[in-house]
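In this document, chain identifiers A, B, C, D, E and F correspond to the written order of the chains, with residue numbering beginning at 1 in each.
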Amino acid sequence: MGSKLMNTHPLQLITIITESVLEHTLIEDLDRLGARGYTITNARGKGHQGLRDAAWSSDSNIRVEVLCDPHLADVIAEYLTKTYYVDYAMMLYLSDVKVLRPEKFIGKDEAAESEE
Amino acid sequence: MSLDPVVLFFVLGLAAGLMRAEMRLPPAIYEFLSVILLLAIGLKGGIELSKQSFGDLLPDIAAVITMGFALPLLAFPILRYIGRFKKVDAASVAAHYGSVSVGTYAVATTYLAAQHISFEAYMPLFLVILEVPAILVGIVLVRGISKETHWRRLSHEVFLGKSIVLLLGGLFIGWAAGEDGIAPIAGLFFDPFKGILALFLLEMGLIAASQVGSLRRYGLFLLGFGVLFPILSACIGSGLGYILGLSVGGTVLLATLAASASYIAVPAAMRIALPKANPTLSLTGSLGITFPFNIIFGIPLYHKITQYFYGV
Amino acid sequence: MSLDPVVLFFVLGLAAGLMRAEMRLPPAIYEFLSVILLLAIGLKGGIELSKQSFGDLLPDIAAVITMGFALPLLAFPILRYIGRFKKVDAASVAAHYGSVSVGTYAVATTYLAAQHISFEAYMPLFLVILEVPAILVGIVLVRGISKETHWRRLSHEVFLGKSIVLLLGGLFIGWAAGEDGIAPIAGLFFDPFKGILALFLLEMGLIAASQVGSLRRYGLFLLGFGVLFPILSACIGSGLGYILGLSVGGTVLLATLAASASYIAVPAAMRIALPKANPTLSLTGSLGITFPFNIIFGIPLYHKITQYFYGV
Amino acid sequence: MGSKLMNTHPLQLITIITESVLEHTLIEDLDRLGARGYTITNARGKGHQGLRDAAWSSDSNIRVEVLCDPHLADVIAEYLTKTYYVDYAMMLYLSDVKVLRPEKFIGKDEAAESEE
Amino acid sequence: MGSKLMNTHPLQLITIITESVLEHTLIEDLDRLGARGYTITNARGKGHQGLRDAAWSSDSNIRVEVLCDPHLADVIAEYLTKTYYVDYAMMLYLSDVKVLRPEKFIGKDEAAESEE
Amino acid sequence: MSLDPVVLFFVLGLAAGLMRAEMRLPPAIYEFLSVILLLAIGLKGGIELSKQSFGDLLPDIAAVITMGFALPLLAFPILRYIGRFKKVDAASVAAHYGSVSVGTYAVATTYLAAQHISFEAYMPLFLVILEVPAILVGIVLVRGISKETHWRRLSHEVFLGKSIVLLLGGLFIGWAAGEDGIAPIAGLFFDPFKGILALFLLEMGLIAASQVGSLRRYGLFLLGFGVLFPILSACIGSGLGYILGLSVGGTVLLATLAASASYIAVPAAMRIALPKANPTLSLTGSLGITFPFNIIFGIPLYHKITQYFYGV
């Protein structure tokens, strides 16, 4: 089952759903921790901290995706969980995905390595 | 007393929200409306400022800033010791009530306009000024002047927040361009102003109605505080206006500013500065209780209070 | 006959859409425009109502409600037995054509205004009233008055839909505040009304054009029905207006209401109440055929029909 | 491959893409079936029922994510498929994801259990 | 772990994040290659080509999801990577997901086959 | 020289953006504002056209088209051989500078209005016409008239782009409905026009400020080109206006069109036609350098240049 392409490479996708008010801090964190990119969409939702669906950003959600190698994924997940889980509305999950050109996300050397 | 149509729009929103009609405006529109309101208030103030000398405004500004520091310091012990709030929650709610609400201010100006009561040109300046001190008080109450606070990030958030930049920007452009310069853009900022405020209040009514659930959760103390503290603040604001020698209109506005509670700028700042504070608690108070109270009952009441001070 | 510019905007949208130009307005803007249109129509009606006694309106209301029940009952057998539609589809399309379209109504009012023809103040009330009965008929035709239907959820959707709340809310505020009270908000709701309608119709043209694909699929019967049934309905509406003693303007509006088909409120209600009905079928008819027909040819035609009734 | 964190817990993510008109019914369903939260974004798309990309909600899509334990995921997926697949534009898929603090999504007891 | 439903079927989900300007070309590509549907949300983000978060579409992102059988997923992924990776801001990843009614996404015959 | 308030809005946006204040309008609002601006410009031109005979406009149109082809052909060698840009980048930037910016045009019209200088009715037509040729030149410079280019897809993108359809549509409706026909929709398109332009420029200032990062990357040559090439183009445009016998106002507008660089239509077309061109390079030039320069300094300068030509 699954993709049969020879040249796919397993990577980790971190998906973070959290308060819009954190957007800038989060981007800084991701940059600092070494992520090569991120994708953001606006979202609404409900969780432990109740409904989040407001007209202004302090009360609405964002959904952030970061694709990276498994090690960095662990670092990011640990850091965000430790830093924000207690005080902020945040949910974070990791999933296994495959990409065709890993250089784009993890740097050439690591890509070569992961191919072995 | 017949209600101003803008207040009726608020009531319509409130009623529709309580009946769970799905009428929320798209967030983009809410933002559009508030940008126009903020710029319009700034522009109007700026035009007036351009007509007169800035002169001896500094003492007034100092007095208003002092009030901005005093109000949250007054609210804090009430919340902490009578309300038995956690320290961080008391500080956060105090910051909300010490700061101001632009929507409430706008309704007060249309209230005065409908009664043909004029007010000082520089009131939007006070609106800007009063946004900030309460936030600082709230933070210092919890953290002291600790180094841990991300002051750089925070002062950016506070001083470069959308409402302050748009109000100050509007003031500056109004002042620089003067009445004649601004006339050609009146078609967006002044002519539809009250209509835009009406639509804005419709949405605010819907939002306020959505707070009812949490209102039940936080109970009677918050309800009492959300009504009584604004009245107390309004008395202080009204007294200060009297002492500063403001006109009746200006005093009503200063009382309204004192009585109003922030629901946009301060919540955002508190999430960053005091993440342990419960955001729903403050929002329930300022949005679910105080905003509706001020719009419907408060402003006319603060007018009465001011008339009492002035012996009218 | 020169076309009204708002109709030209519709034609522009239609043409651009058929050439596949990508010009769709963001959904938030479409919603903004429709909120203003709905409130403005309500407010205008309310102002007029405040000027005169509500008096003996009840018989008229009863007659109009009856028409609201009759039209879908007339459409159903045509669709079922001539069009050979499935029962559920026939019922759903009948509900769409029995109900009304606010955009069509708005164009009809500007048509009358351009010809300096006045109409009864309470027409927006009929607009509200006519939204509902056809929906009920559509459901009962399929399900009977079965318990399975989520009546609670459905009546919420129907009676607290955005258009009804905004129209009724506008009517109420206009009535409560009166002409002078509303004057200060005219800058958003009345002065730009026709421009907003123009922009709205530009978007409607684009949307109508996107129905062409499915139009081809459903073929000639739907095309015929979408043109002829509105004309039939308009005759009924016009006759009723005559019987009720409405003015020519009021009668043209009632005919237009009868002829118009819903494309927002009813589709949403049908998705919940009759999920087995094919939603594209009804939308293709009301949006892709009847709306353009009414805007461009229908309204002047219904005016002619009405003049014939009145022997003008 | 994949995350090497000790304390990650496998959960199921249900992603539902359906008509906006179902938003409220769906939320009620999720609540009733026991989901602890959900995240919604607006979407457009094409499927069997044709293009869905309208200015108004009865003809546009939403994308709903629910993170929960595998058992509940099955319950929700079965229920929604049974209830809505025939009559509504709906697509639903399940994926394996990992989270760091499962308490947030499945309750403490179950979390402890799933750790074993 | 994971869903225990008897009748789930493994499929591939392709997620593409790219420039909004490509939306129409991409949809044509997907149609041509044989995808039965797609879902699009608006997004913003950062990657190799810098920040993408503009008011107009040539400088903002879309996030496209396509659910299909593994073979088609490979075809689509290869084609898009080859055609657009060099010149456009684009990120693409594949993930394993399960659906309850595979007919909707891969046609009846293939569904029956994949069940075996 | 006192600055027009709309320019002050741009400066406010620029300043706020440079201080990293988060004030960006929602994309939906940006689009709303530009749709209104485009339609309004078209409508105004159409009304004027309806008043006079189209007459001998064809030679002027031909001359302006020629300029549209000439400007990018002039820019290309400068970029390629002085700037040492890659061929594809030189072609893409040349296409941007050969085409036009609607925002710049709108500011120029309000500049002229503020100085009570009239201009030819058909200027919006030139605005439409000048959008296209530079795009074709840019593509042909790189690909020749190769078959590989998706001409069908591309001509669709170019000729049915939002700005062209809305401008032409507005022109047509204005022409068909005439001054009296358009009067009822003035409340959306004309009265708030300058206010809407102000808000649009506030956003443009924020966007321009966000280009500063890349500005640093591309360095001095781009900065020089972004200022000097527009001045050169303006001279050409001004000279052409003089030769064609346009009024001073019309000539200033033609000079401004020549000097302005596209930041919406051309970037989108280049992404499709020349994907290997670096999009940031062109945007940094047209948005980060040329747009601000034109708005703040360029337009008055082009007025001076024109006055020089006319010996005023």
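By our rule, contacts are C-beta pairs under 8 Å (C-beta built on N, C-alpha and C of every residue); 3 or more make two chains touch, one makes a residue touch a chain.
Just so it is clear, the structure is predicted and the values come from calculations on it, not from any experiment.
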item	value
Partner chains shared by subunit C and subunit D (touch criterion as defined above)	none
Shortest walk length in steps over touching chains, subunit A through to subunit E	1
Reference subunit D; chain at largest CA-centroid distance	F
Of all other chains, the one whose Cα centre sits farthest from subunit A	C
Superposition of subunit A upon subunit D: rotation angle, C-alpha, nearest 5 degrees	120
Intercentroid distance (Cα basis), subunit F paired with subunit C, Å	41
Subunit D and subunit F: spacing of chain centres that average the CA atoms, whole Å	47
Touching two or more other chains - residue numbers and ranges from subunit C	22, 25-29, 31-32, 191-192
Shared-contact residues (touching 2 or more other chains) in subunit E	41, 95-96
Inter-chain touch pairs (all)	A-B, A-D, A-E, B-C, B-F, C-D, C-F, D-E, E-F
Subunit C contact footprint on subunit F (complex, rising order)	26-29, 31-32, 35-36, 39, 156, 160-162, 165-166, 169, 172-173, 176-177, 181-182, 184-189, 191-192
Of all residues in subunit A, those that touch subunit D in their complex	10, 12, 15, 17, 41-48, 61, 63, 70-71, 73-74, 77-78, 81, 85, 91-96
Touch list for subunit C against partner subunit D, complex	24-25, 27, 30-31, 153, 203, 207, 210, 214, 264, 267-268, 271-272, 275-276, 279-280, 283
Contact set on subunit E toward subunit D in their complex	1-5, 8, 11, 13, 27, 36-41, 65, 67, 95-101, 104-105
Residues on subunit D engaged by subunit C in the complex (per definition of touch)	19, 21-22, 25, 49-51, 54-60, 87-88
